[in-house]
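Pasting the structures here.
Shared between the two complexes below is chain A, which pairs with chain B and chain C, respectively.
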Partner chain A sequence: MSDHDEHRKLERRAFLKQAGMVALLASGATWSALAPAGAPFSLRDPDGERGKSKRKTIHLPENGYAVEASSVHSHLGVARGSDVDAMIRASVAAIGGIDRFIQRDDIVVIKPNVAFERSAPLGATTNPEVLKALVRLVREAHPKEIRVADNPIESPESCFVRSGIRQAAIDVGARVMLPTPGDFETINVPGATWIEEWPFFWSPFRNATKVIGVAPVKDHNLCAASMTTKNWYGLLGGRRNQFHQDIHGIISDLALMLKPTFVVLDGTRVLYRNGPTGGTLGDVREGRTIVASTDSLAADSFGWDMLLERKGIERPDYFAQVAGRGLGNPEWTEVSIREEQVG
Partner chain B sequence: MSEHPKDKPTLKDTIRQAANESFPPTPPRATVTPPAPATRPPTGKSGRRAAAAKRKDFPWFLGFFRITTVRIISQTVFFSLFVFLIWVTWFSRLGGYPVSLFLETDPLVSVATALSTGTVYRGLFKALWVLIPTLILGRVFCNWMCPYGTLHQFVGWVFNIRSNKNDIEKNRYRPIYQLKYIILAVFLILSAFGSLQIGLLDPICLLVRTCVVTVSPAMDLSSMALAKFLVDTNVTWVDPSFLSTSPGATDQRVFYGAWFVGALIIALVGMNLVIPRFFCRVLCPLGAFLGVLSRFSLWRIDRDVTKCTDCDLCLKGCAGASDPQAALRKSECFVCFNCIDDCPEDALSFRLTPLPAKDRIVGNIKAGTASLFGKKVISKISETEIKGPDLPRRRWVFASIGGVLAYPFLRLSAAVNDRGFNEKVIRPPGSVEESEFLERCIKCDQCISVCPTNVLQPSTLAQGGLEGLWTPVMDFSIGFCQLNCTLCSEVCPTGAIQKISLEKKLGAEEHVEEGPIRLGTAFFNRGRCLPWAMETPCVVCEEVCPTSPKAIGTYDEEVTRWDGTKVMLNRPYMRPELCIGCGICEHECPVIDDAAVYVTAVGETRSKNRSLLLESKDPQSGT
Partner chain C sequence: MPRISSSKANDRVFVRNGRRHYRRSYSSTELRIGLVLLVLLSTLVGWIAWRGAHPDPDLYSTELPLIEGGTQAVEVERSVEFAGGPRAIASESGAKSEVGSGPLPAGLTREGWTSGEASRFGPDNLYEKINGREGYFKSFGFKALHFVTLERDEDPSTVVDIEMFDLGTAPNALGAYAGERSPGITPDVDDAGMSHIERNALLMTRGRFYVRAIGSDESPAVRAQLDHLQILFRDNLEGEPLPWGYRLFVGKLGLGTESVSFMPENAFSFGFAENVYAALLEDGETELFVVAETDLSEAQTLAARFTEGFAGYGTRAEETGGIGWIEDRYIKSIAGASASGRWVVGVRGAPSVPTAEAALRRLTEAVASFPTPDGISSKGEPEGATGEGESPNEESYPEESYE
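Then we have the complex of A and B:
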């Protein structure tokens, strides 16, 4: 072999290597572009559908978080007085006691109303003392974890701090969960009119087994009264400012979306005008009442009549809508009730 | 180094003997560079350390306690402190930390605001902590404390691919380094006229702003991604919210013009690859200011002409390009001590009021007969010091004229004066009247960082012109001014937003007479409002209105819609004497693209010229 041939031979080997590489890359590209959608490494997307992001939807438990109905216990436990601890205890005792609702190893979500950055005495948010007493009571049933969560209108941290809810929750060892952009998932509410698919503050509900709502009694500019049913508004995200176009329908959907273990209506203070924001002490009066209930709507009707003192005035439309869906009794006088004076 | 003449060893030996040194001949270099020519002197730090260890003058570990090591530790500490203070600038982390520390100790901020306002606001006296050391030691701030300088130096060091020889050339002084003095002169003269523009280029303002507008949101994004990942992988023992700079914010924060602020820092930092410490040497007005001051400094780097062999190795790591190999430019020297570290002859030292050697040299340098105090002068360069900035007087004059002209150019732009102000330039609560605001705002954007709702945005060129660029304005499509929040006023270092109490903001207690602080006034656009224009119920605006009584009322009316259904409409209207311009109505309005209720700056408390209603002393309006 001459030097020249030797040179050519080496060139041929290099050529084969290079050609092999080209063939490999070309066939790889061809496969990924043209192979049918199901095949491995296929990127083919003939109509553009494959490239769209798939939205994950979540479902809350079908029967909600309620415990089994009881014929022995009252639906409504009303406690009047000034000792918040005793009132919570008495009102929950009236509907069966905490052991009826919470078991060992439960993960409990407590949803106060912390919608606005107002100090507690202004009545726009749940009374932190009530929250504390409630957490203490729940704690006696030895749940695995107690989470306190809400998605306020104003900035969450400020609202939780200013309202005293954050400190209250921390004092009694509950976990405060504030909404961040990553905490929302799309919830599917079967049968809902407006919120069949809507962003939901999901993180606190991950693995949760029980849900307790604790809402203040508030006047509301649009829906007349914001109490335990309206309270679930704070679990939604997204374009909530559209809700006002049919606020009663929305509240009815909220009742459908979340069936709680039980609710507490915090009537220690009543924001009776200029709601739901309030802003002066003149908008608030002492209520000296706490209601625990397995029937949110009945509790709300009690709040309308006895705490907002609007008995005889026509109830907001959402009462009828919620009742129409069979999600509660709009007349507290028709359900079993136990009232107690404590402290 | 390669030009190190081979025919000099005898001379060198002489010097070494004179200095009573026993320098080992070419100790091994421990660096990864290819084998050096035998003529190379030991330049690497490790080389010198090994040499020192061989000499056994001191234990080996003392090599780590060089002054440059101390300097690097100082830079690390100050940089970490800076990052920490940025990190704590958030509602739940504030807890009394002096978040404005770096801005307040920035002498340019203090001096420029003193020029523009005639006062030294709140913590700005802290500038003395930098001013006094500068007068004594020179520009130590630049290379020992300044976080921006540290960033530049670090990036320049990490991405440096130059050879030592090339390094030396890159660190020689260049005339372009005069530019910073021209910038300084323009800024200071503008300040004296009442237009504070130092924030455009002041390194601390610039770095704080960059962190606020680009780095922090990026951190939030990564914190969120990490959180998502941890949830997906069921890891619960670590809480990624420490990474976030706005924990508890419901939405990812967004900022106007973030791309530009981001591009700017990448460009400025990237310039280190072309000219080391480009920003510090060429642009930095604070560096220029400290440079002017440091002409008086008592200590400086001094070159011993009887030891210096003119090898130029001192330039290898010279941060300021201050010519330590010749006549030291005091105003350029960052006091980084790299030159002392790199000098193979121990010819450089940091000394108290050293004598200029030139006048005391006897004999002729060129002829090699020169001597200083009986010692033979080795260096061919006799000058050892240039005191002031190297800016010829005519250029100072030019710069001054530029500054004088810049004022009318800026101020007569319609965007910033009362006759043509932009109605969407809505300043945070506590802000002083606009012309005073422009005397004070340094565009550091700390207020924007601490704002819990993201409503505060860096102003764009369109809103405030160049003069108002990056100053805080409110954008209610992004957020709203939270009623019980005064955080922006707490963190403002210069009093553009005066520190106000909550009572003052709300017009409560002793402030009832003055009434609440109004940021502007809300207006309805009935053509876009659902109840007014579209027979659709809404009034979110009334619901969220935070005043008591509410500044939004409704005309309640039942109408029959086109399809015959009856619907109750609460049609909103403004009660302007109650409106505080917080913008929550605009923010919550479901007509999100161009809200049916919107706030403009008219009626703002801070300006009489921009008022809307006749002044009313009605106590009703002061709730």
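Then we have the complex of A and C:
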């Protein structure tokens, strides 16, 4: 056999091998594309579910952001007066002082209620002076960073500007974090009825070590009262208005979702009717009170009785639901309290 | 015949080592282009990975329009300029003059003020504007909210928000207005609606519209703008005479307009109680209420349900004049209801049975001589709500109620 014949033979063999490989690959690709969804190596995705990226879920710390319980300090610190700085200082001092809660290098998230595009005197949002005083106090503990965040359904920019919260936070050197679609992650809340997995305004909580809620005292059309526990509603994303069908249930879930370091009930103004939006100054009365507490529910019960002045009227159902989960005491008279008149 | 090389190294048809390259060097331009492409690709990959890790939370929503093929039930008109090009849509909107954006009249601003863009919210997205409060307006037959902000040129933080609720009927608008009006406020009443200015806000009704103009403060500039709006809306929104409930309580019983309220549904937290007019008596405790039914039999049935409902919160006190009075177990007030012709009449919040009895007698006598226009219906009350010659403003209303 000549060299030429031998070479042709080799070429034929190589050709057949490579053609065989191509045929094999083509068959494999065809199988993957056309085989039933459950078959081995099938890539069929009739409803598009397989193609979706798997959502990452985040978890808040198991015990929340609370500090160790104390038998020495009061659960509820109540300060009355007109000097907001002094009132914040006195109320937090009553529950152990800022050094009990915030340490150097902490990253602190402060969550005011900025739900509506209303000016501060209308009482629908946290008083910016209270926020300022709180940030100043927290700053004394030398945290690494203080973040102020909320997720209003109305335009966040407009709500933060109109309510005065944006300027207040900037004035005292806090970082304002407004929500954008990319700031949300799916939170997993084990045991929650409605939000076991739900979009959550996560960016402010990234690496955060302490969380403080500061909420106004408001009448609420659906749940009768919006105070510190309801305040966490502003961290949810998605179509959260659907929760209004079980407003008490979702508030109970919120208490399960977030266990704060402490809360501040801003009773400097009380929106006592037509809440949660209000509108006229006639809906607002001066409360001249600030409450700091490690027990949100106890703070809310104080607000119901003493600030909304609804003592003796049946409490909203969510009080019992939150208490039933062991997440707070619905009777402020049963927890240790220190009251002070200041300013 | 061309000679085929026997050298496998030069075989270009069946290249055995596909990775082999034949160039010994590359130019620096090629290197730069390669690096740029590499950076671009890396950036693209990084961006895709980041977007994938931070999905839009709206993607998780389960809005019906998405499920049903993307038809948005209610549109939001976020970019409607109403400063220029007013248009007349009086027949559709109830406005009787040229208007700017929907039923909002033109000329909203005084000198020194500028209006923003108008927006409209429907039942499906009202929560975006007043989350948590939308249920209140929906209970009054909410159709649409037309919203615009007026801003003071000198100080942009001084604003007036105009919220114009279309509630379908005048009784609904009056009911919503009555529910939000602060206690002790006496409204201005004219032949087509009510209004008042309270500190930083103008609240008014005009036909089916309930308008709130909310100032950021109560400065003279805001008050002047509110005064301007009050006149503007009065002159430009078509009203309608106050409904029969007002004629009964104000015209026949001489109560103040501020004491009257209207509950289109779920009155006193009773799911069956619809289209209920109520009025607080002079003692500030006793409340009369009335419902128009189609006939005596219907009225008797409904009155029995009211009695049963009250009994759910209390115990039988005593029976007088065929009415079983109920004492509330918590606040010890007295309530009861009965039928009088086609009317269901009732009392709640009375401090004692004799007071309740006297109040109910007063109401029963009033409805006995009250004209019952054919149009009154327990289900859809407005048509014929004012009978011929029965305009409250011409005949039935006491003079002082207009002041």
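In this section, the second predicted complex is superposed on the first by the 293 of 343 C-alpha atoms of A that agree within 3 Å, B and C clash if a C-alpha of one lies under 4 Å from a C-alpha of the other, contacts with A are read in each partner's own complex, and residues count from 1 in each chain.
Keep this in mind: a contact is a pair of C-beta atoms (placed from the backbone, for glycine too) under 8 Å apart; a residue touches a chain by one contact, two chains touch by 3 or more.
Since we're looking at a predicted model, the values are computed, not measured.
Participant: Let's test your reading of the overlay: on chain A, do chain B and chain C clash or fit side by side?
Facilitator: By the criteria stated at the top, chain C and chain B clash after superposition.
Participant: Have a look at where A:Gly173 lands relative to chain B and chain C in the superposition and call it first, second, both or neither.
Facilitator: neither
Participant: According to the stated criteria, A:Pro61 is in contact with first (chain B), second (chain C), both, or neither; which is it?
Facilitator: In the superposed model, A:Pro61 contacts neither chain B nor chain C.
Participant: Output check: A:His244 vs chain B and chain C. Expected answer is one of first, second, both, neither. What do you get?
Facilitator: After superposition on chain A, A:His244 lies in contact with both partners, chain B and chain C.
Participant: Report for A:Gly343: first if it touches chain B alone, second if chain C alone, otherwise both or neither.
Facilitator: In the superposition, A:Gly343 contacts neither chain B nor chain C.
Participant: Kindly classify A:Pro121 by the partners it touches after superposition: chain B alone (first), chain C alone (second), both, or neither?
Facilitator: In the superposition, A:Pro121 contacts chain C only.
Participant: Report for A:Phe15: first if it touches chain B alone, second if chain C alone, otherwise both or neither.
Facilitator: A:Phe15: touches chain C, not chain B.
Participant: Touch check for A:Asn221: first (chain B), second (chain C), both, or neither?
Facilitator: It touches chain B and chain C both.
Participant: Check the residue A:Pro181 against both partner chains and state whether it touches chain B (first), chain C (second), both, or neither.
Facilitator: both
Participant: Between chain B (first) and chain C (second), which, if any, makes contact with A:Gly279: first, second, both or neither?
Facilitator: A:Gly279: touches chain B and chain C.
Participant: Same chain A residues contacting chain B and chain C, which ones?
Facilitator: 116-119, 153-154, 162, 181-182, 220-222, 237, 239, 241, 244, 274, 276-277, 279-280, 282-283
Participant: Under the touch definition given earlier, write down the residues of chain A that touch chain C in their complex.
Facilitator: Touch list, chain A to chain C: 3-4, 7, 11, 14-15, 18, 53, 55-56, 115-119, 121-122, 153-154, 162, 181-186, 199, 220-222, 226, 237-239, 241, 244, 273-277, 279-283.
Participant: Residue numbers of chain A touching chain B in their complex, please.
Facilitator: Listed in rising order, the residues are 116-119, 151, 153-158, 160-162, 178-182, 203, 206, 220-222, 237, 239, 241-242, 244-247, 274, 276-280, 282-283.
Participant: In their shared complex, at which residues does chain C touch chain A?
Facilitator: On the chain C side, the touching residues are 4, 6, 13-14, 50-58, 60-63, 127-136, 157, 159, 161, 163, 180, 182, 185, 198-201, 203, 212, 214, 216-218.
Participant: Touching chain A in the complex: which residues of chain B?
Facilitator: Residues 91-92, 224, 227-228, 231, 241, 244, 247-252, 452-453, 480, 482-485, 530, 536-540, 542-550, 554, 570, 584, 588-590, 592, 623.
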